[in-house]
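Going by the order they are written in, the chains are A, B, C and D; count residues from 1 in each one.
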Amino acid sequence: MAQSASEYVGNVKDTVKSFWHGMSITLSYMLRRPITVQYPDRTDLPVRDTLPPRYRGFLEVDVSICTGCQACERACPISCIQMELEKDPRNPKQRLVTQFDIDEAKCMFCGLCVEPCPTGSIQHTREFEGSQRSIRNLVFRWADPLAPFPVYKVAKDA
Amino acid sequence: MEKLILRRVDRRNEEMILNFGPQHPSTHGVINFIVETDGEVLRRAIPDVGYLHRSIEKIGEMVGYPGFMPYTDRVDYLAAMFANEGYAIAVERLLKLQVPKRAQYLRAIACELNRIASHLVSIGSMAMDIGAVTPFPYALREREYINDLIEALCGARLTYNYLRIGGVAYDLPQGWRDRCLTFLDHFDSLLQEWDRLISFNEIYERRLGGVAVISREQAIDYGLVGPNLRASGVDWDLRRDAPYGAYADFKFDVPVGKGWAGVVGDCYDRYYVRVLEMFASAKIVRQALEKLPEGEIQVKVPKKPKPEAGETMGRVESARGELAYYVVSDGTDRAHRVRARTGSFLAMGIIEDISPGLMVADLVALIASLDVVAPEIDR
Amino acid sequence: MPVNYAPLPKRTPRWLVGLTWAIAVGLPVSLLVVLLVLLPITKPAMIDGFILHQLGHDPAVWPWRDLLAAAALVLIGAVVFGWGAVFGGVSTWLERKIAGRMQSRIGPNRAGAGGYLVWMADALKMLLKEDLVPAEADDLLFRAAPYFGLVGFLLTFVTLPFGEGIIVADLGVGAFFVTAITALVVVGILVAGWSSNSKWALFGGFRSAAQVISYEIPAGISLMVPVLMAGTLSMQGIIRAQGGAPWNWFVFRNPAAFVAFFIFFTSQLAEANRTPFDLPEAESELVAGYHSEYSGFRFGLFFLVEYGSLWVMSALAITLFFGGWQIPGFHADQWVAVRGTSPFPPPAWWGMQAASMAVFAAKTYTLVLVVLWIRWTLPRIRIDQMMNLCWKYLVPGAFACFLFTLLWQLLVSAVPRVELASGIALSLVALVLVALFLKQTRDNIYSVAGDRIDLSNW
Amino acid sequence: MTINEIHEKLKAELGEAVGPLSDPKADPFCVVKADRIVDACRFLRATPGLELDFCEDLTAVDWPKRNVIEVVYHLYSYRHRHGIVLKVETDRTSPSVPSVEGVWKAANWMEREVYDLFGVAFPGHPDLRRVLLPDDWEGHPLRKDYQEGEGYHGVPNVRENPLVELRRLDQIRIAEQAKANPPAPAPAAPAAPAAPTAKA
């Protein structure tokens, strides 16, 4: 396509001007401190501590205040929480939780199980490093089937 | 089993049939193009999608209304907040809920920050596809600041699950407002640097100017939405023309394609509309932070909401255009049908018809300029 | 499951810093010193003198004379190959470090202090990796392709000077020889592209063929401008025609040469497949272009040719336009004086040779840094724009410079002082441009709140 | 122009082929006969006062109880800022709706998706192929009565659920412990914290 002389020279001028600015910006960044941090071992403090409090990492259950209401089990869309409750053979009024497993490999950390918990026993920690030898190790077991923990009863006036 | 797609490719003459994908550095996710090339010039590029199909719409019918919210994040993980809001608006209209003012403002703030982050990834990866590798880390550096802000707000960097039916999950944490304002001050000085670095670069303008032009009628006819539509000259923005949530209270300008580097509706317009849109969103966040009203952030909603039978469509102006959630309820606690109509799906439809005559390098530029994201196409 | 956080290594251990510095300075300098010592001695005249005096035979008659000369040349070839490989390796590390800093990230810093030993690790990895041959690839051509490129790259060192007397063979047609030999590299790329039986590689091969062949023309013509000004094709001759001070360099002595340098530099970028002309191995389009099927040592050879040609390209440009090894303030007659007449050159001469090598290496290295810097700033050009740029901008520009130089030489022969005037004027213009550029860069840094020049953590 | 006026105009044009506007439970819609849908769409797009040039969404809803698959059209006009929702009902056994690809090019891919996930044939569609699923996939997933096969080309899509597995192992260990010391089991020791179990 025929280009007029001014257009020809204009192209050359634009090219030079735009290269000039582009090069000066990249050079200016070379003289500045990089912002990347070298995870995992050369960070000034462990990354886990730099995360904000609301970070949704692995789940953690405080078994002493778990009322065994299975609200979290119902709220989880992928059903990766599994609980098993039984009557305590010694005193029938007390219920025992024999199985409380959370399959963290399937969990998508959406936080829907934390909200309905009446006593807030299930919470997100700021732990996220989940590499394991086998995927079965990612199933966290919060109740020992041989020594089930008693269900917490909220005091009436509390 | 001979693929049906190859039926459309006439193999009489000696053109080369190329598999451009599904694993290819510049297809922005798992998308495959059967490309019929004559030397460098394409005869036709036929998109072959579906590699990332998880049938989220079928899951929507099995999981209850609140349970589906985390799945909406995974439809378009680069702009998850909009998917949340689209679904939330649809279900709230079914349940006839009135979302409190403060919750609507918080939604607007989170969405606009998310739009900036999504556009940053889009223009950064577009510059990298054209060959300039350096702008990509700069874009991601700014996105890191936004990710940290949103992580402090709702706990996740990509799949937020921040919105709930009837409002928002958390309120602004301590000191978040000032952190956000300092980020916005830093961010505003970035436009002139970004322009000088890449937008006005002569090679960049030459590579994108006048390439794969989509005319105004073609854009509407093929159902393009969002920045792709505005770049072709159609002045339509859902936030301003059919305001939902708190957008009626904000004043912002909507950039429309003006043929900055050649023709209206070419790849450069689609790119530069996104750059300007980012800085318009920054203004919206600033206005929203100043006029943030007091009040509670979520309406009381039963654990298993049962909306009465009916259907509705929640429309939201996402980073990739108008995202619409069509929810049909039949009175039970599970949706009868959840349909997510996304902008990228239709953008794929137009590629086959405007790709003849492009070069291989232009096909890369076209895919990058349409800003398609594979999970949003396949859902 | 938390990762145990070893305490942050405050500073890399002393011995590692020492080792890295030893290798970083030692290796290249030792190779250059070997070249410095070896090249003058292995001149045919010196060999005959050596046979006559030390061995007491008559060189013309002695049967082993040619064998000795050949052995010397093989030794030089090995040393030069070593220098090309070491330079190629070091520039891979430098490019990754510069790319990192320009993209505000750290870049390699694990192997050795500042990550310097990463290129040795890469070389070792390339040796250990399996260099597989694709199933339907054309075996013979597939295996032979890297060696075409390697030969093309190494032969250019024959006429590339290193110092005043340090040159393998000062051919009378030096510049012409280099242009001819670099064409071999494109044969290697084409053969690699075709023989790896992959459509992407084929794409890369054809693109490279189109690019390198069409950019040899502007390179050849703009190369003629310094040849016209120097009146000789031999590399040393061109350098001797230029003086040490900047206003004596060809690039400033003739305004057309100033333009010719940029044309020459652009077309050399295209011939070495460097951004913005890296179409043959465009990552975002052709995955890896012509060497996408290569792995292991064969890929290493391609990598060596790509980074080694950085040196060749810059050395050529420095020789032609920037006064090669000329030491400012040291005139030609002083070279003859310091050489003296004795068959074996005096130590002062060796000292001056080392100084000229240092000047040459410094100038070439700055130009290499500019080439690396361009790669991380500019986007890639499209193939039709590349051809358009070559035939519509560079070739006419080169012809214009060529004609202008003819007239300029007539003017200079009439009024000798105009050459000095143009030299001083243009070098001042260049100085002002550089100053403006640095000020602009400084403004970029301080325009962003809270940023300042900070070279820590290299 | 509100949706009722559009509906009136449409009814005036096509007469009995257009059903009544549904009471606005959430979004009103009107049902159109299958054979007249292309004319209705062409009318809605062409007439100057309507110009519904944006085919916002074209999808389907499966109603097994009414043995019907509804194909839903959401149409919108950028110039006049109004829109309407049309529905076409076809029976579930062999659903077929004439393709509106001629009216809006956007419908091309959406109809292919409905064909892919619901099995609704669209005669008149230039290139009716499955868009998301592989070409040799049997069945249409979004139908309510879709039975998921146990894999595709031998690739199973079921992973053994570690929770169920662990519960079975617990039963065995509890049984053993009960056998080992039948009298009252040892008092319940506090629960072991998140100790990854050694898989039996």
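A few remarks follow.
Note that in this section contacts are C-beta pairs under 8 Å (C-beta built on N, C-alpha and C of every residue); 3 or more make two chains touch, one makes a residue touch a chain.
Note that the coordinates shown come from a computational prediction; the quantities given were computed from them, not determined experimentally.
The greatest centre-to-centre gap from chain D, using C-alpha centroids, is found for C. In terms of C-beta pairs in contact, A-C outnumbers the other of A-C and A-D. Per-chain Cα centroids separate chain A from chain C by 50 Å. Note on chain placement: the centre of chain A and the centre of chain D lie 31 Å apart, centres being C-alpha means.
One simple way to say how far apart two chains are is to compare their mean CA positions; for chain B and chain D this gives 22 Å. Distance between chain centres (mean CA atoms), chain C to chain D: 62 Å.
Among all residues of chain B, those that touch two or more other chains are 134, 138, 141, 193, 198, 201, 203. Of all residues in chain C, those that touch two or more other chains are 102-105, 376-378, 444. The multi-chain contact residues of chain D, meaning those touching 2 or more other chains, do not exist; every residue touches at most one other chain.
Pairs of chains meeting the touch criterion: A-B, A-C, A-D, B-C, B-D. Contact residues on chain A toward chain D in their complex (touch as defined above): 60, 63, 80, 82, 84, 89-90, 96, 98-99, 101, 103, 105, 132, 134-137, 139-150. Those residues of chain D that touch chain B in the shared complex are 25-27, 29, 53-57, 59, 61-62, 72, 74, 78, 81, 85, 104-106, 108-110, 113, 117, 127, 129-136, 141-142.
Residues 1-3, 5-6, 8-9, 98, 100-107, 109, 373-374, 376-378, 392-393, 437, 440-442, 444-445, 451-457 of chain C touch chain A in their complex.
By the touch rule above, chain D contacts chain A in their complex via residues 161-164, 166-167, 170, 173-174, 177, 184-186, 188-192, 194-197, 199. The residues of chain B lying in touch with chain C in their complex are 16, 18, 24-26, 39-40, 127-134, 136-138, 141, 185-186, 189, 193, 198, 201, 203-204, 206-207, 359-362, 364.
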